[in-house]
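Let me begin by handing over the structure; questions about it come next.
The first chain written gets the first letter, and so on, giving A, B, C and D; residue counts start at 1 in each chain.
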Amino acid sequence: MTTTLPPAVAEAIRASFVRQTLMQNFGAQLTGLAPGHCEITAPILPTALQQHGHGHAGLTFALGDSAAGYAALGILPEGSEVMTVEMKINLLAPARGKALIATGKVIRAGRRLTVVQASVAALREDGSTVEIALLQGTMIPVPPA
Amino acid sequence: MTTTLPPAVAEAIRASFVRQTLMQNFGAQLTGLAPGHCEITAPILPTALQQHGHGHAGLTFALGDSAAGYAALGILPEGSEVMTVEMKINLLAPARGKALIATGKVIRAGRRLTVVQASVAALREDGSTVEIALLQGTMIPVPPA
Amino acid sequence: MTTTLPPAVAEAIRASFVRQTLMQNFGAQLTGLAPGHCEITAPILPTALQQHGHGHAGLTFALGDSAAGYAALGILPEGSEVMTVEMKINLLAPARGKALIATGKVIRAGRRLTVVQASVAALREDGSTVEIALLQGTMIPVPPA
Amino acid sequence: MTTTLPPAVAEAIRASFVRQTLMQNFGAQLTGLAPGHCEITAPILPTALQQHGHGHAGLTFALGDSAAGYAALGILPEGSEVMTVEMKINLLAPARGKALIATGKVIRAGRRLTVVQASVAALREDGSTVEIALLQGTMIPVPPA
């Protein structure tokens, strides 16, 4: 993974990501980090499906939410944490293919709240990419102890 | 599980739930079904956590979304399916305790769309129950083939 | 209007409501106040319609948002203010009839944020009442100066 | 206003906009139309304020919602209509300045539903522009009679 974040911030995000056992459960990996941006990539595992055999909305949501959260964390002072206040997801197409790629970005970093957006794309079997979900929400910074 | 749904509808929901491998991944169980209502209960497994060791927002969302979807499915003609159009979650408190209980209900069943709501509560270690999330969204019925 | 709020808090809300010129524009009135609850009633004026002659979604939203905000304000220390962080509305039925009645309530009052809900009902010409919208959102308290 | 829409579609949108009396109430004007895009500009009138003298969230919402709706309408067959299913708004900064400019766009046009986004910017007194709100929602096409 390439990143343009300060090494200490990138390292803190990586350490936080590893502690998210749900991300490991999903086989997710941090694949991009820049100030206000984060990309997470995951396969659509047989253990994360809904009733039609596509990825569950909970998988898509979890990847988008985490990407948005780390996008927000990347612009906060070292030692900060963030929590999701609220998040809205519109599902655009079924979650099927070889992998899901969630891209989070900061829309506005406020003193008390950070507004974020995430897009989730599916990498189809034929190599094409289709946007499958759009998320918009709010993160709350938890200052360093 | 007790249910007041017609047996064929309840059976179809149970069969659909079993096909949701993410629900099995989370150890989730259908614990209540009534017309326009659905309850899903799940432990907070060590494989579904966020970075502070609480349940991940993706876990909470997935349980709420599935409960809302099956609440909607329970009032549709036999053989129908539903898909999530969009869903919004407000997180109220950390997802910690012995179990999460998601309760979905139908707010308005329209001809083309069904508006749903779900609440997720955590059963704390001391036996108390705390509401940890509130979801509001839209399901789209997929008519029987 | 009857209210069970402390008189100073009720008075502050009434004064704030009067300063909301959009509420006057809509002919809206505060018709109920209790701790964590607020009701606003408004006619559907010829100056607040969408293209089919029903009340505009912006009217419905404004009434629900204001009711939710004053529900939140009613449980804060005297001299506080609130601002809307985010709000989501699901429209359930057309806004037509003699009046709209928006009911806001506090779902969870936190130290930093307050989660709110509002329902908007239409009083039809025949005297029946139909729920036309459901809102869920977040208010942020602004402490007394 | 310049537009790249087919003249009949642009004309239908203009005619629909004129029927939205709330837009006239707000002094709003259609200032841009292209396939899947719509821009609406409005002053912040003294009759559309909240309690601090800024534009009411209901004003910002109404402009964003209408811009999103007409963005969706511009790509539908002539004679169609659209209605808002649901809309979520995150407020980013106070609605103050000389005017608000709402820009709606289509994210995904489906057979049954259209997902839309809108951004609302304030033109400040000093000529700068600040994004004050971001909306994400769903429109439902109503086919020609």
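In this text, a contact is a pair of C-beta atoms (placed from the backbone, for glycine too) under 8 Å apart; a residue touches a chain by one contact, two chains touch by 3 or more.
Please read these numbers as outputs of a predicted model, since none were measured by experiment.
Asks: Sort the other chains by how far their Cα centres are from that of subunit C and give me the top one.
Replies: Chain A.
Asks: Would you kindly give the rotation angle relating subunit A to subunit D, two copies of one sequence, based on a CA superposition and rounded to a multiple of 5 degrees?
Replies: Rounded to the nearest 5 degrees, it is 180.
Asks: Looking only at C-beta pairs that count as contacts, which pair of chains has more of them, B-D or C-D?
Replies: C-D
Asks: State, to the nearest whole Å, the distance from the C-alpha centre of subunit A to the C-alpha centre of subunit D.
Replies: Roughly 29 Å, centre to centre.
Asks: Averaging over Cα atoms per chain, report the distance between subunit B and subunit D in Å.
Replies: Here subunit B and subunit D have centroids separated by 34 Å.
Asks: For subunit C and subunit D, let me know how many angstrom lie between their CA-based centres, rounded off.
Replies: Inter-chain centre distance comes to 22 Å.
Asks: When you check subunit B against every other chain, which residues touch at least two of them?
Replies: Residues 85-86, 88, 90, 137-138 of subunit B each touch two or more of the other chains.
Asks: Which residues, counting only subunit C, touch subunit D once they are in their complex?
Replies: Answer in residue numbers: 16-17, 19-22, 24-25, 46-53, 56-59, 61-63, 65-66, 81, 83-91.
Asks: Which residues of subunit A touch subunit C once you look at their complex with the stated criterion?
Replies: 85-86, 88, 112-113, 137-138, 140
Asks: For the complex, give me every residue of subunit C touching subunit B.
Replies: Those residues of subunit C that touch subunit B are 88, 90, 92-93, 107-108, 110, 115, 117, 131, 134, 136-138.
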